[in-house]
Amino acid sequence: MIMANMTMEEFKKAMEDGRPVIIPVGAVEAHGNHLPLATDTIQPEQIAMEVAERIGAVVAPTVNYGVCKSLKNFPGTISLSFDTMRALMREIIEGFVQHGAKKIMVISGHAGQSHMIALREAAYDVVERHDVRVMVFSDYDIAYMYRGKLVPEDDGHAGTLETSRVLAIMPQWNKKLPGENVPEYPKFEVVREFERYFPNCYRGDPSKASAELGKKINEMIVEHIVDMVRERWRI
Amino acid sequence: MIMANMTMEEFKKAMEDGRPVIIPVGAVEAHGNHLPLATDTIQPEQIAMEVAERIGAVVAPTVNYGVCKSLKNFPGTISLSFDTMRALMREIIEGFVQHGAKKIMVISGHAGQSHMIALREAAYDVVERHDVRVMVFSDYDIAYMYRGKLVPEDDGHAGTLETSRVLAIMPQWNKKLPGENVPEYPKFEVVREFERYFPNCYRGDPSKASAELGKKINEMIVEHIVDMVRERWRI
Amino acid sequence: MIMANMTMEEFKKAMEDGRPVIIPVGAVEAHGNHLPLATDTIQPEQIAMEVAERIGAVVAPTVNYGVCKSLKNFPGTISLSFDTMRALMREIIEGFVQHGAKKIMVISGHAGQSHMIALREAAYDVVERHDVRVMVFSDYDIAYMYRGKLVPEDDGHAGTLETSRVLAIMPQWNKKLPGENVPEYPKFEVVREFERYFPNCYRGDPSKASAELGKKINEMIVEHIVDMVRERWRI
Amino acid sequence: MIMANMTMEEFKKAMEDGRPVIIPVGAVEAHGNHLPLATDTIQPEQIAMEVAERIGAVVAPTVNYGVCKSLKNFPGTISLSFDTMRALMREIIEGFVQHGAKKIMVISGHAGQSHMIALREAAYDVVERHDVRVMVFSDYDIAYMYRGKLVPEDDGHAGTLETSRVLAIMPQWNKKLPGENVPEYPKFEVVREFERYFPNCYRGDPSKASAELGKKINEMIVEHIVDMVRERWRI
Amino acid sequence: MIMANMTMEEFKKAMEDGRPVIIPVGAVEAHGNHLPLATDTIQPEQIAMEVAERIGAVVAPTVNYGVCKSLKNFPGTISLSFDTMRALMREIIEGFVQHGAKKIMVISGHAGQSHMIALREAAYDVVERHDVRVMVFSDYDIAYMYRGKLVPEDDGHAGTLETSRVLAIMPQWNKKLPGENVPEYPKFEVVREFERYFPNCYRGDPSKASAELGKKINEMIVEHIVDMVRERWRI
Amino acid sequence: MIMANMTMEEFKKAMEDGRPVIIPVGAVEAHGNHLPLATDTIQPEQIAMEVAERIGAVVAPTVNYGVCKSLKNFPGTISLSFDTMRALMREIIEGFVQHGAKKIMVISGHAGQSHMIALREAAYDVVERHDVRVMVFSDYDIAYMYRGKLVPEDDGHAGTLETSRVLAIMPQWNKKLPGENVPEYPKFEVVREFERYFPNCYRGDPSKASAELGKKINEMIVEHIVDMVRERWRI
């Protein structure tokens, strides 16, 4: 049920049938020299497709841009402002509500705090005015439950876990994977040039990544979401 | 040169080489019962890819949502506001400028007036503050040059021309194509329920469409753009 | 029925009688060295007065400033931003609606695209929330129907047609009228210094203008509007 | 030197000559049943013209709408919001500054506090960023210096003074002038329906008004401004 | 009834009992070298506490920052913008209304015009949408009724009156009090560097101040407010 | 060095001496029936005072209101919007920067995610345009390091830890302290009526609280901040 390929009457039917809507939110953000700029997009798209298949949801066209201020000086990062992200998301969610959607799930591949709050504030705004259920989360909110288990505790941006997930989704991807790099940055400080503290643009050990691990984690994320949704939304 | 699949250093190189950037802008809009909701997205994406191949440009991730107020009550149309569209586009264009892009082309599949002015105002805002060349147009600004020639003068939304172009891009698409329908609406009037004047959500004669015609028109559009760009940007 | 000269009870009566309201929108914009800066104001004011007389409408005080970005670097052009124009117009239209107006016509002498979309977005905003009919157009939307007929196809800003109309309205105007000038500018491109492509600030052949032609065209515009309104609004 | 009737080169010359610019700001506001809705417009226009003649200033097209919240429920009052008024004025003032104006005077016929602060905030915004002198005042800031002298202390909106000034400017005006009415309203309270406390929409004694008194006061205002400007701006 | 020290159920009870809410609004503004930066905060806080005690009102936490543009270049002045002040106040007032407050009094220690209009516009916005009574004033609107009586007519910012009031509230304050200083500034002019006309940052004669006078004036202000409120709100 | 009590020249001196500025940010939020509405204000004020004393910083007047959407329906919670909080904080921080502050610390007693992101976005905006160091954190970012140690892992809003800290600061506070209550709410869901999942408005076991524990934790927080600042800012 890919919305992009549906006609207006097919979409109308899906809404009348009470199908949930999943909106994948990506980002265009530098992920070291070993991962593509759309890394944060392909992951939630993949998760959204698999979850949708299992619960009979409609997958909306992806929002391809996100709020990525801290890495905005790295080549290829295109960052939206907080306000634009929030307005964009609010109008999209509200659009679905006006067509009758009652259960909406926003899955973001990017998990930056400002980005996530922009998405949540957008959803909140709609929820306050309409009788609709909206979930907003990053697949990394779930993926990072495996930090300290399947990957080290200090794994992070473009690290073992994220590299593995990309390899699982893009088997043809064959860049050289660099070794461990765990940069530190000044806690609580609001910094302009974050790249000074994060020169390689990744955190963790990409060389430890594998498609198998990625596949396993992706599957665990999908199951986690499906279980949660079945219980929460009784579907 | 698909930006989504490039790493940050590959993108950096492309900018240093002075490659143009093409940003496809789509929409999620009802196109009768015979065309998909992403009709306005797949067309500029296709054009962008072909133009990029010929002029060595980078294709940015697509902006999948647009301003579609007049058809917003038809199932499946998700319309952004003017302000959000403008802000979104301004921040994306500005993002590329900050990474060194000097020639940017925004190709929109949707050609609604408010939508196009939102894109142009966004570009204008960037152009006023940076030394960069930006072109903004809809592939329909070019396609409609063939109205009265390859298709009737009164062909329009989801009509012969648009249906043909979709068939050329999605050969597997096999919905029944309806016959002629040329609705009229009150000129100069600002109406709330545009669907009252446009009940079938298309204008023209989809049953006359063919993949061959679509292929021909798509090719003419690509050539038109490539010629224009070569002359204008000397590439 | 000039609102400026009415008292509050006279205005109240006019609204109770269901009279339409006409809001003339002008601009302060350079029109070559042969036409006054208020060229875009005097034309819709004149049209509004004549239409009002024939259909018994109330003419609101003129909005004297508009959005004129492309010519903003020519001496005397004072351009509003899109947002301010839209807000201004929205509040004025809404003001009339709150006093009971049911039929409102916005006639703009300036026909720039951003300007017109700002007016239309303003009207749309009101129409969405109130049960009222609003028409928004430029007298040039009508006047240019005569391009290729009474004046050449490439006549434009401050050309034969516009100069003629001004001469018809201001018989005392006696500036020297320059000859043909048909500048070209780069299609689809969003440019900062439009004056580079438009050095003389007019397009067409003012020397061919005459008060007679202007009078004729003004009369045709008035008749066109009156006919349209009588049919559309049944008055 | 009426800007509306100047060509672009004439305006350019005026700016090069360092001529001041006077921007009259009016309002569309109920003024009892004895004065026209444009009462607050014709007064500053008249003052502006006379001052301009004496100091060689350029008079800009009038801003015909203002912020008139307290009387907005009376028929014919069209009130802008604070934000729109401020933006409108800021863009107009800034437009003149960009064309080289160095001395700008904003004369408002309406003297409501929010309205005046909107104008002042607009001017402040420009003054902070440009080297230009801007004066903002209502002709009533000056006229009311004569309260307790030429007219009673409790004269106010559409009272003896204002009625006299209108009679002086519009000799043909011949509505019946009502007698004394001095309504009181609750100090410091922010009220929604101000008309409850101000049922007749005027304050003072219009029946005492005369064109002679109006002429005298208008002349005193003009002189006051001319003196102030000559001293302040050394012209 | 200090809200800061109340629990949620105590506050709930106070609202159910129909108690008025007093919101003190202060400022952080330079007041010469003889008064503290929070001069405009401690005065309305004191007045609010005393009024509350006499009429059984709840005193809300103080808004400690205000709009102080003219003195913003003096060390220690922290000025909010008009828009932020208005939004802040609107949300606070609306918050109380949503909890059931029916009578709200905003007492501002700072009396700058923009500041006061921001507060009034905020209140107006709430009053238009809710059935609630709101008063907005500065204690200086009342205190200056004593100019020309208890203190000279030209007493002003940080002068005899204000210094006296501070001495009454902060008996331990022991800065040297400077002598008379009555600066003049250009009427009607909107100036960027107000400090050029106001070099000592006070107006009047602080050396004439005394805690006794301050106490007397504070008491008169409190009585004035209590009388007004008892009559107006029948409490 | 309490800014409220400083004169303008004393403040000027402090800035010239390079003293850091600490801005305490509070909130007006329901904290069960056992803690005061200003709970989130008194904690950071106390911490700010103690830190300032040890590092010689200036303490700015407290920002008494914050973003508290989730508990906004409990009596006494007054919640600002995200935008207002951000603007307010941006203008305050920028105000200090304009007076020469080079090191600014924002300590918030409230730790809600939207609230914290509003503060961080505000700081980011200033940091991007000025050469200044800004830290933004909640004292609870530090306090919660002791969860699982001094207090249970599931201690939270108005629980053992927070109640203890309030008791340490307000020894006279003597409300009855309720027993354990650990409500659960639906993860990832954006809910309108959060109180449905949080009926008692606290989380943890207030009856286990003590002033001694609070004092200990407050001291640990102060030491943590002082150590961090000394190392980071070399003071």
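Letters are used for the chains, namely A, B, C, D, E and F, taken in the order the chains are written, and counting of residues starts over at 1 for each.
Note that contacts are C-beta pairs under 8 Å (C-beta built on N, C-alpha and C of every residue); 3 or more make two chains touch, one makes a residue touch a chain.
None of the values given here were measured: they were computed from a predicted structure.
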{"item": "Common touching chains of chain F and chain A", "value": "none"}
{"item": "Any chain in contact with chain C as well as chain D", "value": "none"}
{"item": "Higher-contact pair (C-beta pairs counted), A-B versus D-E", "value": "A-B"}
{"item": "Contact-pair overlap exceeding half with A-F, pair selected from C-D, E-F or B-C", "value": "B-C"}
{"item": "Interface numbering overlap (same over half, different under half) for chain E and chain F", "value": "same"}
{"item": "Superposing rotation of chain B relative to chain C, computed on C-alpha atoms, to nearest 5°", "value": "180"}
{"item": "Whole-Å gap separating chain A and chain C, where each centre is the average of the chain's CA atoms", "value": "49"}
{"item": "Centre-to-centre distance between chain F and chain C (centres being mean Cα positions), rounded to whole Å", "value": "56"}
{"item": "Where chain B touches two or more other chains at once, by residue number", "value": "83"}
{"item": "Chain contact topology (line, ring, star, complete or other)", "value": "ring"}
{"item": "Circular arrangement of chains, read from chain D onward through chain E", "value": "D, E, F, A, B, C"}
{"item": "In the complex with chain C, residue positions of chain B that touch it", "value": "69, 82-83, 113-114, 117, 120-121, 123-124, 127-128, 133-137, 141, 186-192, 228, 232"}
{"item": "Chain B residues within the chain A interface of the complex", "value": "3-9, 11-12, 15, 26, 28, 30-38, 41-42, 60-65, 72, 74-81, 83-84, 87-88, 91-92, 95-96, 98-99, 175, 201"}
